[in-house]
Structure formats: C-alpha cells, structure tokens
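Take a look at these structures.
In what comes next, subunit A is part of two complexes: it sits with subunit B in the first one and with subunit C in the second one.
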Partner chain A sequence: MLAAPARPDWLPSADFARASFSRALELCCSSASVVSSTSPSGPGPLFPDLRMFPELNNLLNTAPDKAEQGRLTLLCDARTDGSFLVHHFLSFYLRANCKVCFVALIQSFSHYNIVAQKLGVSLTAARDRGQLVFLEGLKSSVEVFFQTPEEPHPLQFLREAKAGNLQPLYEFVRTALTPGDDGEAAWRCPVLLVDDLSVLLSLGLGAVAVLDWMQYCRATVCCQLKGNIVALVHDREDTEDEENDILLNGLSHQSHLILRTEGLATGFCRDVHGQLQIRWRQPTTQRDRSLTYQYKIQDKNVSFFAKGLAPAVL
Partner chain B sequence: MAASKNIVTSFQRRGPRVGGADTGGSRLVSIAGTRPSVRNGQLLVSTGLPALDQLLGGGLAVGTVLLIEEDKYNTYSPMLFNYFLAEGIINGHTLLVASAKENPADILQKLPAPLLDDNCKKEFNEDVGSHETSESDIKMKIAWRYQLLPKMKAGPVSSSRFGHYYDVSKRIPQELIEASKWHGFFLPEKMSPAIKEEACSMINGYKKLLHFIQNVIYEEGFDGSNPQTKQRNILRIGIQSLGSPLWGDDICCTENCKSSHCLMKFLYVLRGLLRTSLSVCIITVPTHLLQNKANVARMTNLSDVVVGLESFIGSERETNPLYKDYHGLMHIRQIPRLNNLICDISDVKDLAFKLKRKLFTIERLHLPPDLSDTVSRSSKQDLAESAKLLGPGCGMMAGGKKHLDF
Partner chain C sequence: MKMLESLSAFGGLVLLRDSVEWEGRSLLKALIKKSALRGDQVHILGCEVSEEEFRGGLDVNINSRLVYHDFFKDPLNWSKTGEDLPGGPLDVLRAICKRTDPGPVTVALDSLSWLQLHVPCTTLCQTLQALSYQYSSPGDNSSEEKVCVLGLLHEELHGPAPTGALSSLAHTEVTVSGTVGQAWVAHILYRRPGQLPACQTQWFSILPDFGLDFQKGPPLEPQTHLGPRKPEVDPTAHLTFNLHLSKNEKEAKDSLTLPFQFSSEKQQALLHNGPGQATSQIFYEPDAYDDLDQEDPDDDLDV
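Our next item is the complex of A and B:
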C-alpha cells in the first residue's frame, strides 16, 4: 500500500538517504530562513519571525504566499496525538492572510492561543481584526446545555435526544466564511479548520450526519468560495469503532492531501515521537504520491527527518 | 454568562499584570495547595499521592479531568479517590462528592488520616525493612553506575506544602471533616420518585449532577462570577463509578447501547464547566464492564488524564513470581498537552502499585532476582511469557508491537 518513498524534487543530490542527512547538516549549519531545530538541546529560534513549522512547509512544498486553494486536507492520527498538525495549519493560514473559521471542539481558546504565540501568531489579535472566527466548543456547550438559546445554536445537537443533523453548525460556518458586502479587508481565501471530527461522533451524531456536514461545507467552502478545509479525525482501528471507520474512510476518499501520524512500530522512543505519512491523492488514475518521515516534537517546533536518521540516534 | 471576560482560570497566561483590571491575576499563586507548573505556568494541585504527581508532571492541572479506570473488583481505585478528597480537606479546598451507591457523608468518614511530619518517618520505617532506608544515604559501592538512575519517591521526604502522605489504617479526624466545606450528591436522594420521565437528551441522573455542579460553581464563585474579594479557592469534584448501572446508564449492560452518547455528553459539558472555573475533577469509571471497547477510547479522548489500574486479584498473575511484590499494575494511558506542543511524559512505562499496611505506593516494576538454586529452562520461559504480557507503553506517545515496548 505504501509506495517506496519518492525522491523529493527539491533535493539536488542523487542518493536520497545521503541527501536527507546532508540536509540535516545543512539545517544545522545554515543561516538561511530555516532555524536549526534538529539539535536535541533545542535552543531558541535564531530568527524571531519564524512561525508554524518550516520543515513541514518544505515537506509539503508550500509556503504561506503560495497556498493552494479548493483543497480538503485530512489529518489522521493513530494511537498518538496529531494535534501539532492542527497548530501548524492554524498559524500557517493565519500567516497566509486567509480568513479562518476554527471549530475547536476539544480544547479551549487559550490553549490554542498560547501555542500559537509560541509559533509567532496571536489569535486574539486575529480575532479582533476579524480574520479568525473561533467557535469554542467547550464554552459553547455549557451555554447550550444550561440555557435555552432562542435562535439555533451551532451546537444545538447537544440538547436533542436524537441528534439529526448539523445544519446549525453549517449555517454558522457559512456565515463566518462568506465575505460580507460591506467592503471589509479582502482576505486571500476562506479556510475551515476542524479539531476534531471524532468528538462529533462521540456526542451522538452518526457518521452519515458528519459526512453530510462535510459535504455541505466542501461544496460551499472549497467549490463555491475557493477555500480550503483541514479536518482532524482519530483513527481507532484497533477499538472496532465502526462509525469512526466509516467517517475516516469516507473522508479519505474525498480529500486531496492526507497527513497521517502514528507511533513507531518498535514502540516508545524518547527522541523520535512518531512517524508522519504524507499522501497526495491524484485526481486521475495515477498512483498516489506518498512520503514518510519521522518527527520529534519540541517546545516551539517539530523537526522532521527521514526514517532512521534522527540526529539523536545517529 | 456575562462575566466570561473576567474569568481568570489557570489556562490563561500568567503574565505580569500591571493594571488592576483583572482581579486575581497575580493572586493565582496564593491559593492554598496549588503550585505553578515549571513547564508552562499552569496551576497544579496534588492528587494526594506524591508518586502519582511526579508521574503526571508535577500534579493535576486545575480545570482538567482525571479519569481512573477501575480495577476489576474495585479494591484499589477507591483509594485513589479517597486520597484525592483527603488532599482537598487538608488543603482547605471545597469538595463536591457525587456517588450513586454510597452516601457522600459516609465516604468522607472513611478518608485516610494525614501523616504529619514529625512521626511520619517513624511510621514509614515500620513498613520498610531497615536495609532500604539506608539505601538512599549510602553511595553505592558495587553498582555505582546505578547511583544516577532516577529514584521514584516512595516515602515522605520533607514537609512540603504540596502533596501529603496518608495513613490508610487510620481514619481522618472528625474535626477536620467538620472544618471543611463540602457538598454531597447522592443519586437516590436527588432523583424524584416521579414515574414519568420526559425524553431528554441525557440520562436524568447525569443531567441533575451537571446542574448541581454548575450551581455550586456559580453560587460559590469558582468561575469568577461573584466579584467578591474573598480568597479564591479550588473546588475538588469527585464522581464515583460513573457509567455504572446505578446511574441509570446501560452502557455497561449492552453492547449496542442506544444511549452511549449520554455519558460522552456528560463528560464534554463537565469539561466545559471545569475549563471555565477553578475546579478539578476525579472520576472513576468501571471500564472493564463496558461492553463496547470503542466507548473506552471515546472517553479517553474526552478526558485529560487517564490512569488505569489493573489488580492481580483473581488473575493468574497473583501467583506469578514476577509480580510477587506487587498488588497490581498501573497504566498511565494519557497525559494531556496543555498550552504546549509537548507534554511531561515520564520514561517509566512499567509501573506497579502495592498497598502496604499504611501506604499505597507506586513503583517502577522490578523483576525479582532469580535466586533459585536450579535455574531451569522452564522457569525462565515462564518469566519471559509473563514479561510479554506487560501492558503496552503509554498510548500517548506511540503504540507499537506490545512486546517490544521497553
């Protein structure tokens, strides 16, 4: 199922393994726009205007000024925590001057804010200037549950015994991302970020309802408004969660880019936290392009390296 | 809630506050029984077991949920529950105890007594053989390379304000209970005997408990809504055996439970309440009774810290020579990453607990030395088989092939 890791285009040298190692060295010594984060001691960034994870940008071959549009990116984690990818995409799109609607169901606003500040982006400032629309699931759930809201609340399904659909949530996303007519500052493209979709399944919605919601959002955000969607789903293959499997398979089929994090097959390691598989899905009958890297999460950055070539184990 | 802007919870950055607009910004440190985390300034409270605090990275963060997966016969998880509540009484925190099978007043009567510093060392040395007490003082002569290995704290070391030791053979003094402030939620008392129950989104017991908790938080000002100048305090919530049939939930009875989301909604709204107030919660859940294992994964996802207890009672491990010194294994299934990309995960993966006469200790699992005269091949194979059955490493960081986790 996994293709042999293709040689990335940006590396000039012939041998892929050697290139990765030389790239690691280059990162350590260079004074280019990439901070040397591969050293285990993790010094502070040399260049204070660093944001998101520059190595991940290089791996995905994107940059804030040339973000693609109309794509659905699926983040998936299996038996590990893939939330660092959510932080990456949040700061990436905010820095790319996109209008972001963040449906944060699992953590509070201040959690994302503090991590984003480490990555160089201020969520409170983005919210104040209208670039970020933040739906804080935990706080809103308390409001929905204990008070009776007059108009339909985005998390209306918490009050219903048989949760039907996510239409109020879709209306919320649509109003947040559709550009208004009052001539506000033109953002580059709208982005919907969801963390995470498996929580919606736990709260009583069916997989079909969540897939329908994603379909509506895709039609509006990706096709009509030419924006992007990034969503995180947990992969719970070993616990026989059928609804989750349906959701994950359905979304994998529709997405353009799949980032899958999982633990190492050999068990826990302090220096290598996991493995990231990046998969670009081709629209035609070509085989998907896929790359696998291992990563280590540090305080302000995540460093990526080829399999088995972590600086700590070399 | 109009006062949501002024809520100062432990999840906000504790920067230097020059202006007086946010009251209590610099007073977070002065709440009794709390200390800031060294990693991110998060406010931490003790769980009542200093060894467990050490494993969780210093303590339990205020605003989070600690989920305990009960052991099979519910022998040892009430001990963790009681330690948590006793720590609250010692520190002067307000308690909220909820149970469906035991009256909260009775639960409080059975809390362990605190060990005071002057006689604690004497009490501790009674349980441990004399050769162990001098271990930490004498430098190792033969195995000197092991001197540098981190030692797990197994006994009282100093009179710290954070984290106390308790003597489980004695009850807590009555005057301490009476001096403390506590609220009890006993389900049979709160459920009205009305026959008709309207179809609602959640099981009645859970709904009443949530309203009760929200009422206490609001009335006593734990969410900052009461702008009084009295000293801020922490609310410690303890919920016993959540999800058991006594709560009216059939998640433990049937596999395809139609209302499995009631428990999840409860956890979700509870966490929302905790995040916006100065409270911390411990919940024990009989996960071994849950028929559908997917629900365990969902609950883990919706909680912050998850610790599982596996006792050896009744299993073949009780007579296994590998485990003869211990009463059970402790698995730390999840540690949250709060306000941070990384979390304080400990390197020790194999943890075992034992209940001594007076103390409940958590230690790194040591294989006993093979001192038998005839070291036969079969006995070695038994030990190797048992070693393979040691649980997988913490699922937080990586789940790999089980027998390779070390």
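Our next item is the complex of A and C:
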C-alpha cells in the first residue's frame, strides 16, 4: 500500500507534491523512529520537517520560516478533542524561533513536554533559554490559595468572590511578551497560546470578561507587537451554554483563521478520527475561503485527507 | 437599487446585521466611504478592531475625513496612565449629537454588539432612541442637522430580546448574507413612519477600494461544468468475473420462451390435445385387504 494515491482534485499540484513527499518522509521516519529532541534549534540531518505536523502546514499554506504576523487563530472543537492542534502550534512557533507565552490551564507542564518531545521540541530547553514562558494553571492555582503574594497573581480571579476580570493575567502576558531592554536574543515575533478559554468560564468568569481579556491581548500582542495569538475554545453543541456560545461567536468574529475539529457525525471510527474545517476570514472584501478535511491522529503525526478518501477505507 | 445607496442619507439608526460566515464590516466601510464622499462628517466609534485595521483599504482622502474614536486599545482603562478618562462610547455619541456646527453627520458604531455586551441594554436603547426621535420627524426634509447612526450587529451574540429592542429603534435593517458565488446579498427591511415596511433584496459586491458595485440579480452559475469533463471511469473494467455473453449464448437467451409467456402457439397446444400428446393414466390393482368404501375413503369415521 505504499503506492502514491491517484491525484485528487482538491489539492493543487505543488501542495500535492509536498504532501506526498512529507507522507513518504513520515513512512520512512516511523520505520526508522529517529526523533531528535536535544537540538530543536537546528534542523535534523535527515528529517527537517519533524517538528510539527507537516501535512497541517501544507493545508494552511504556511511554514515556520514564513509564519504570518498579527493574526488571531481560533481553535475550536466539537464532540472531539482538538488539543492536537495546540501541540502543533506550540512546536510550530518554537521551531519558528518565536517567543511563546503559553497559558496552559488544562494539563501539566510535563504532559505538554512529553508530547512536544514526540514532535521533536524540548519545552524544558526552550524555557531555560527564555524562549518559552509557561504559566502552569494547575500548579499556579494552588499557589493563589495558599500564598499571599505582594503583587496580584495572574490567576487572582480565583480568589475573588464577585465576578472578576483578567487584568492580572493580561499584565502577566504583556510582561512576558514585551521585549525587554536588556538586549536579549531577538526572537522573531511574540506568540500567545491559550489552552483553553472555556475553562475560564467554568472557573466563574463571564464571557464578556474573557472577551475583554482577549481584546487587550489582541491590542498588545497582535497590533502593537505584531505577534500572533492562538486560543482553543470548546464548542459544546449539545449543552445550551449561552456564555460559551457568546465567547465562541465573539472570538470567531475577530479571528483571521478558524480551525474547527469535529467528531464524525456517524460516531467513532478507528481509521478516521474526525473532520477539520479550515476557514480563512480575510479582513478584506473577499469572501471567506473554507476547506474541509478528515484526519487520523497517529503516534507522532496527524495525516489529513479529503472526505471519504482515507487510505484505510479506499 | 437606490435603497442600499441612500441608507445613510436619512437620520436615525440603521442596523447592519452580519454573521461569522458573512461579515458586515466591509459593507460598513463602504457606506462610510459613500457618506464621506457626499460631504458628511463621519465619526467612527471603534471598539472591536484597531484603528489601523479599520482604516486599511480606504483611500487617503477618505481616511483624512474620518474622525476615529478609539475604544479598542484600552476600553476599561487597565493601562492606568493617569490621564483623564475620555468618557465612554455613549458619552462620545451624545456629544456628537449635541454639537453645534451644522451639517449632516454619519456615525459608525463598530460595533453595536460590543456596546450591547458592555453597556446595560436600557441605557443603550435610551441613547439610540433619543437620537432617532430627534431626527426622524416625518416631513422633515432638511438634511442640515441629521445624524445617521450605522450600527454593526453580530447576530449570533445576542438573544432575541436585545436584538428585537434594537431593531425596533432602527428605521432600516440590512442583513448581510451571500451566495455560493462571489456576490453578497443584502436583505433590506425599511420602515417609514406611517407606512408599511418595505423589503428589498439587493445583490452587490464590494470592490477592493470599498466601492459598492450593485448587481441586478443573482450571479450566473459558476462555469465549472463547461470545463473539460473528467474521463468517465468504466466500472465494468478489470472485473474478476465475466459480465459479457458470447454470440451463441445471446442467441440462445433471446430464443428462450419464458414459462409465463402466453404465446399463440402455447394456446393452440393446450386447446387441441394432439395425437402425439401422451396423457397419463394410473393403473391400480386393489389388494385383498383394501376396503374401497367411497363414503369413507380414509376409514376414520367412527360409525
């Protein structure tokens, strides 16, 4: 089954060549199982693209050396887990030599580190050299309750009885990503990554408070510092969660790129894990462009294909 | 065709309703451009996007006529620079309406949804209603002091109650939609006091410089079907079994008479039992013990 598939109509030729080349790379790599985790700064000798999901880069028509700036990318998942996109963008921007501030509220640092190492990036090394600023929500939230710091803690809202705002968290992000005056290594552009925003609603904040925080982050990170923001929001379609809907729709109107993963409507499938819809929302007069693919998550990679054309079901 | 063009020619509130799929900011910028070219004073309350992004794509001479009030960068005063607060967006709106210099004014609210989420609904509606009441008296044809407010509203963000309240204050509602092709569609609902509401559907496209290009009808079907057709794949090729019949097999099949077909030959054969027909007969020699009783052939009557 290693024969190249017949050329599908949905993929232009240059991307098709890249996609089949990277698919061949992935087949070679999975049999050779060579992943370099100690030198993420330079390309590996044989497998230069093994730092993120190369097929997703092809679909988004982007690469670490030509990442766009000033963009808000919204990740959204419905009936499935879209966190693989968070891991992709984390390793993508670290590979692109960007300074990353990761507000990680869902999992521990070691979890993200283990997955990043499969993608060829070491979060420990990135944090040590100052490229990665990691806010570990699970650990920090305990500190808020058992310590009384002089300055407001980024997650100070957890202690407030009435509905709070996220100004301390905004100050944390702004301090982390604003370039200092000490002549530190010039990173390409700042990136804010949030996993995820829906949990902030569960912790008692209102949708408007989260939208305000995102607006301040956009003003600083995207407009002033010309960086990027990537945020994950869960779409709970079956539960009528008005606050979540306001958050999701409000952010959708402000996003430049929306990546929406959905579980298949027919249920669980071993060979097709879900469907990814990519919507480019241009802030111009041209109408949006939207593409839909299905995907399968493997150990170290995610493979994408047109709807109904998974290799296993053909 | 003139309804969309003259939206900002009358005072009062115009609602531009858009959705995630069909954004309305481009139409808002196109209408602002028309107002600016007409000579109105144009004020923009920018709450959702940066000033740079909003002004992007507009000509320099249009941009120089726009007065931009920036509520995007620091609407909640988190920067605490110590300067006096310039006042909220509603204060700015009231100040614009109370100005003393004459001339028509167009105010663009980008967006009304942002205001709806941050300001109590009653306050917002009262402010907008004061505007409409002041300038929509029937028969008032003077455009000297009219204030037209173009409000961008994102439909999915609000429930039916706030949306209904805002739409009752507006004299015109434009819902932005689109088709599979490139054209945008505006569904316009126009309410004049004392008259029946009028509906109109207008197809248009927005040029790169935010000019409006009106179209008479829906766009033509995309021409993809006129392209070279894909070669049809023959499903009967490369089979492991034989689907075809040889010539002899075809002849035998065609000449076969089906058992339920009632042809004239069959009818004749049935009517006339020919001498060649063998009729069947049964020869039976009864045994000694046989008791052939015609009244009780089965011998089971208990008589």
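The working rule: the second predicted complex is superposed on the first by the 265 of 314 C-alpha atoms of A that agree within 3 Å, B and C clash if a C-alpha of one lies under 4 Å from a C-alpha of the other, contacts with A are read in each partner's own complex, and residues count from 1 in each chain.
In the analysis below, a contact is a pair of C-beta atoms (placed from the backbone, for glycine too) under 8 Å apart; a residue touches a chain by one contact, two chains touch by 3 or more.
Given the structure is predicted, the values throughout are model-derived calculations rather than measurements.
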Side-by-side fit of subunit B and subunit C on subunit A, or clash: fit
Touching partner for A:216 - first (subunit B), second (subunit C), both, neither: second
First, second, both or neither for A:204, with subunit B first and subunit C second: first
First, second, both or neither for A:124, with subunit B first and subunit C second: neither
Comparison of subunit B and subunit C by subunit A residues contacted: B
Partner chain in contact with A:253 - subunit B first, subunit C second, else both or neither: second
Which superposed partner A:80 touches (first subunit B, second subunit C, both, neither): first
Touching partner for A:170 - first (subunit B), second (subunit C), both, neither: second
Subunit B versus subunit C as contact partner of A:58, first or second or both or neither: neither
Minimum Cα separation, subunit C to subunit B, after superposition on A (Å): 17
On subunit A, the residue positions that both subunit B and subunit C contact, one per complex: 242
List of subunit B residues in touch with subunit A within their complex: 1, 4, 9, 11-13, 40, 199-201, 210-211, 214, 261, 264-265, 268-269, 271-273, 275-276, 293-294, 296-298, 301-302, 337-342, 347, 349, 393-401, 404-406
Residue ranges of subunit A touching subunit B (in the complex, touch as defined): 78-81, 83-84, 87, 106, 108, 110-111, 114-115, 118, 137-143, 145-146, 158-161, 163, 198-199, 201-204, 234, 236, 238-242, 244, 262-270, 273-274, 297-300, 302
Subunit A residues touching subunit C - in the complex, by the definition given at the top: 165, 167, 170, 208, 211-212, 215-216, 219, 223, 242, 245-246, 249-250, 252-254, 281, 283-285, 287-288
Contacting residues of subunit C [partner subunit A, same complex]: 20-23, 25-26, 48-50, 52-53, 56-57, 72-76, 78, 113, 117-118, 154, 156-157, 159, 178, 182, 184, 205-208, 210
